[in-house]
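We just call them A, B, C and D in the order they show up, numbering each chain from 1.
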Amino acid sequence: MPEIELLATGEGEYRLHDPDAIRAWMRDRKRRDLVDKTTTAAEAVGRLVADGDYVSFDFSSFTRGPLVLVREIVRQRRRNLWYCAKFTLMESTLLVAAGACSKIDVGFMGLGETLSRAVERGEVTVSEWTNGTLTLRQQAGAMGVPFLPTRALLGSDTLRYSGAKVIRDPFTGKPIALVPALNPDVGLVHAHQADIYGNARCFGPAVQPLETAMSARKVIVSTDEIIEHEEIRKAPGLTTIPYFLVDAVVHAPFGAYPGGLPGAYEIDFEHFTEYNSLERLGRLDEYLDKYVYSVDTDDDMLETRVGLRRLKALRRRATIREGYGP
Amino acid sequence: MTAPPGFTEAEFMIAQCARLLEDQKTAFIGFGMPQVAAILAQRTHAPQLIQVFEFGAVGPMPLTPFVRNTMGGPANCYRSIAWTNMSTIFAQAQLGLIDYGVLGATQIDLFGNINSTMLGDDWRRPKRRFPGSGGANEVASYCWRTIVVMMHEPRRFVPRVDFITSPGYLDGTPEARERAGLPAGTGPWRVVTSQALFGFDEASHELTLLGALEGRTVDQVVAEMGLTPRVAAHVERLAPPSPRELEILRDQIDPARALIGRTAKS
Amino acid sequence: MPEIELLATGEGEYRLHDPDAIRAWMRDRKRRDLVDKTTTAAEAVGRLVADGDYVSFDFSSFTRGPLVLVREIVRQRRRNLWYCAKFTLMESTLLVAAGACSKIDVGFMGLGETLSRAVERGEVTVSEWTNGTLTLRQQAGAMGVPFLPTRALLGSDTLRYSGAKVIRDPFTGKPIALVPALNPDVGLVHAHQADIYGNARCFGPAVQPLETAMSARKVIVSTDEIIEHEEIRKAPGLTTIPYFLVDAVVHAPFGAYPGGLPGAYEIDFEHFTEYNSLERLGRLDEYLDKYVYSVDTDDDMLETRVGLRRLKALRRRATIREGYGP
Amino acid sequence: MTAPPGFTEAEFMIAQCARLLEDQKTAFIGFGMPQVAAILAQRTHAPQLIQVFEFGAVGPMPLTPFVRNTMGGPANCYRSIAWTNMSTIFAQAQLGLIDYGVLGATQIDLFGNINSTMLGDDWRRPKRRFPGSGGANEVASYCWRTIVVMMHEPRRFVPRVDFITSPGYLDGTPEARERAGLPAGTGPWRVVTSQALFGFDEASHELTLLGALEGRTVDQVVAEMGLTPRVAAHVERLAPPSPRELEILRDQIDPARALIGRTAKS
């Protein structure tokens, strides 16, 4: 039988996802009926995020990120999460500082000493990928295929410490990298709008909200606004994520805080300044206590730690609206 | 070194990088300094420079002042031509549609390999850990001409990086990138520092000094590097930022001097 | 060196596209400047469609299809085209009836005796694919990779007469089909709106307008409306195809005729009835003469063969607008 | 045969197919009869049947009257939940999100393999050429339960199709689909004809008569087939279209009788 050369195999750790196992999950666990999925962040995370889960989120800590859900994961003291840092900054640091995360697929691990030290000390183990290949892995997971090909990674040490394989392409004879499908246990997406069933709309540029939702076994959508289902049916072209992919809908105005939601509110720079200085001083425990542990819910945090005036000012700064709404 | 009077090292670096960006070309823009350089280029000689970002914004005309960490926000993505997503924009780069890639780097070596992952000789026990590739590996793999922007600091230039996060010319042998399967005809094109401009020798693919900031000698430039670059037969004299470049940088783009105020560490 | 089993190779004919050759084309031939690309169908087809070219179009003869461009290709007597029948009906028949097309990648070849007889007589040669795998091949072409994997085709004779290969997936050990990238010489897309530079908007469901434009070497966009470039910049999320992929923009109101443009005009059933009866009678020459050869332009055809009243009636029937506009 | 009085063969076929479609399931709907069956199901017992089409419309509530060839048009895609594209919808099917696939077929064999490509023993010189797979190969490969709808005509049922356009149980051996690499646990589930309902034997994967239209005997049904199907221990008596089904079909969905008027050719 003719064969194809396997030129290299990365040493990085990754979970093997058999598309047939994912298919069975999608058949059995994704509801096709239109049922009200609205719930609280506490209930959604309590039900859908387990210790040891592989967690992915879209899109970043600064822009349309489901920070409300990340904070709830921290609040509920999850442990040993494997985090997909495909375009991450603050939230990976928070998860590691809180002891919630023991593995990171890098991407971009996030800035700051907290993460660097944790990896240097071996408290967190990493696999090397790139923003593009983690995205591609989720695209494979979303397509129900075991891998996708890419011309990235080739020649780099990133490939060596990833889970990619290099084969000789049977069509052109040139080397090509194959990245294994990624099907996170949990996908977290923050949307501009969603109906109660989980049909969600994200506006503006994006990383991959749809593929994050398609590839994940359990999907929580937090949303700044709940809209009528009828609105979805009037403009189906605006639906980013169809309801049958979504397991819980969390109504969370300012859910992306301290990041911004384009067209709705801007980033809270004061907050990031506070965060960064505490991070540099190795005192993120104080930060977590103030913004997560000492408050029961994100709404409490927003009300008592940020305050209406500051939230109002963030909305006031969001003066660019073009393109960020229906 | 201290910056020549009248402008900072960062201001020179940014202006020099901007000058390299042609009008009516597509450019994959990394986080930070590359953003500021691209905006400066748009406001000087390259009004139709098409910036693309890894989260899928294509062709924006960013509003200023520039603010760090708002790359995905409305001001930076203002008046884009298209908003797509990471899969689509990297596909377009892989397809050969993106002319320039502009990246920062923690460490670079003689063959233009970039390290933004770790220092040390054992990946499992890094002496120092950095954030990793982000989208830099794709940009360095796919874009036709990669431009690296970095402070001119000895520790940033090493004969061989500890870890190739994003590929340069690898071991420098002919066709090394092509043999690895990387797109043909790509690779690092220029390295812009706070003192100098480098390219890569066609045959050896070694880092080659092409120009030095006015007032800096070749010896001074090379003395502050952790490797010995080739030196072009004719080393160009690089003009400091012009009054117009400085005015745009200081009054329009970065009045808070978040980026343009920076200086190198020796 | 370890190897991967190659389990099967299809016998079907296909063009091998080296991603590096496509990359060089995209670098050298796709203009990055914002230049007015509006022109006539005659000029665009004359300049960009050559005998022997591989041609692909989006989306169908009935819905948002660039029929204006297909008619112009027929009018200019192109020969030996290789047609990508990924979701086709009428236009493949017209091309074959006109003697313009000698190869078809099937997909769905199109209905009627004309095509069946042409294949039975060997006047047209075919390769077997499916709507999904032709779409996937163009997606590979659009991604700049040499192939993409799929779990379709497997076990079928369609695979045997396609250009696909079956390998043992190095991750799961299960058989998986690889379909080769498709980079058409010519991509034809009809848009609802476009600016003069080629930034195009398609509304409603779709086959793959973006990938058709990305994968093709030469792209002609016909559009029912030309809009201001400023409108594009006000709502970047609505841009289906960015200008730098597009080589010509043809202003063609009713360019999808006799098909419909959702939200703008409905299908002309009378026309299809006339077409079908002539097709059944083997008299498509009369049809082509009436609607193509005897008129200099599509505008002439619409005016003299269809008439303003009928066009008005087709707009009148387009009463469903929700979701088909900005 | 001629249709029993009071309804046409097509009307029975469509009604019988509609009855198989469960509420609150996703169904990949093919061109023509499957569309009409899905609409009928939505208007009887399955108001939340989520239709999906290969051009990416998800969950529409089609306006009627049904008109052929307007599958991608506003009436058929009315009040959808999402409009996406072919790549995305086939990805969702491949991912296991689509419960039913409903297809027409030119020819089917004992193991449920579908031929819509050609007749004859030499693919290069077909006796008769048909349009080919369209999206049927994907639907038959990816969806959990494939339903085939076809007129009960002898020539349409053959022991072995000349060409497997879309996979059934292939050669019928255990795990034949899985060995080929097709998604596990999929395959043809039901075949609905103008006279009868078939399933597939669990062990042999052979076409098995499950039910016959009221008034038709097993012998009559089998006599009009080009193959000999298995016959279930208990053959169900299939009710003709109910007055309500007929009223919806005739008054709402297909008043022009474009599809519901059809009869089989012997």
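Here is the rule we use: a residue touches a chain if its C-beta (ideal position, glycine included) is under 8 Å from a C-beta of that chain, and two chains touch if they have at least 3 such contacts.
This is a predicted model, so every value here is computed, not measured.
In terms of the stated touch criterion, the partners common to chain A and chain C are B, D, listed by label. Ranking C-D and B-C by contacting C-beta pairs places C-D first.
The chain with its Cα centre farthest from the Cα centre of chain D is B. Our note on geometry: chain C versus chain D, Cα centroid distance of 28 Å, whole angstroms.
As a whole-number value, the distance joining the C-alpha centres of chain A and chain D reads 40 Å. One simple way to say how far apart two chains are is to compare their mean CA positions; for chain B and chain D this gives 58 Å. Of all residues in chain C, those that touch two or more other chains are 19-20, 144-145, 150-151, 174, 176, 204, 234, 236-237, 323.
Across the assembly, chain D contributes 57, 77, 80, 83, 94, 142, 183 as residues in contact with two or more other chains.
Taken chain by chain, the contacts fit none of the simple shapes, being neither an open path, a ring, a star, nor a full set of pairwise contacts.
Contacting chain pairs in the structure are A-B, A-C, A-D, B-C, C-D.
Against chain A, the residues of chain B that register as touching in their complex are 53-57, 63, 67, 69-75, 77-78, 80, 83-87, 90, 94, 117, 123, 125-138, 141-142, 163-167, 170, 176-177, 179-183.
Partner chain A is touched in their complex by these residues of chain D: 24-26, 48, 50, 57-59, 61, 77, 79-83, 88, 91-92, 94-97, 99, 142, 144, 183-185. Within the complex formed with chain D, the chain A residues making contact are 19-20, 22-27, 30-34, 142-145, 199, 210, 214, 232-234, 236-237, 239, 242-245. Residues of chain A touching chain B in their complex: 59-60, 62-64, 85, 87, 89, 106-111, 115-117, 119-120, 122, 126, 128-133, 135-136, 139, 150-158, 161, 166, 174-177, 204-209, 211, 260, 262-263, 266-267, 269, 272, 318, 320, 323-324. By the touch rule above, chain A contacts chain C in their complex via residues 1-7, 16, 18-20, 144-151, 165, 167, 169-172, 174, 176, 178, 180-181, 203-204, 234-238, 322-323.
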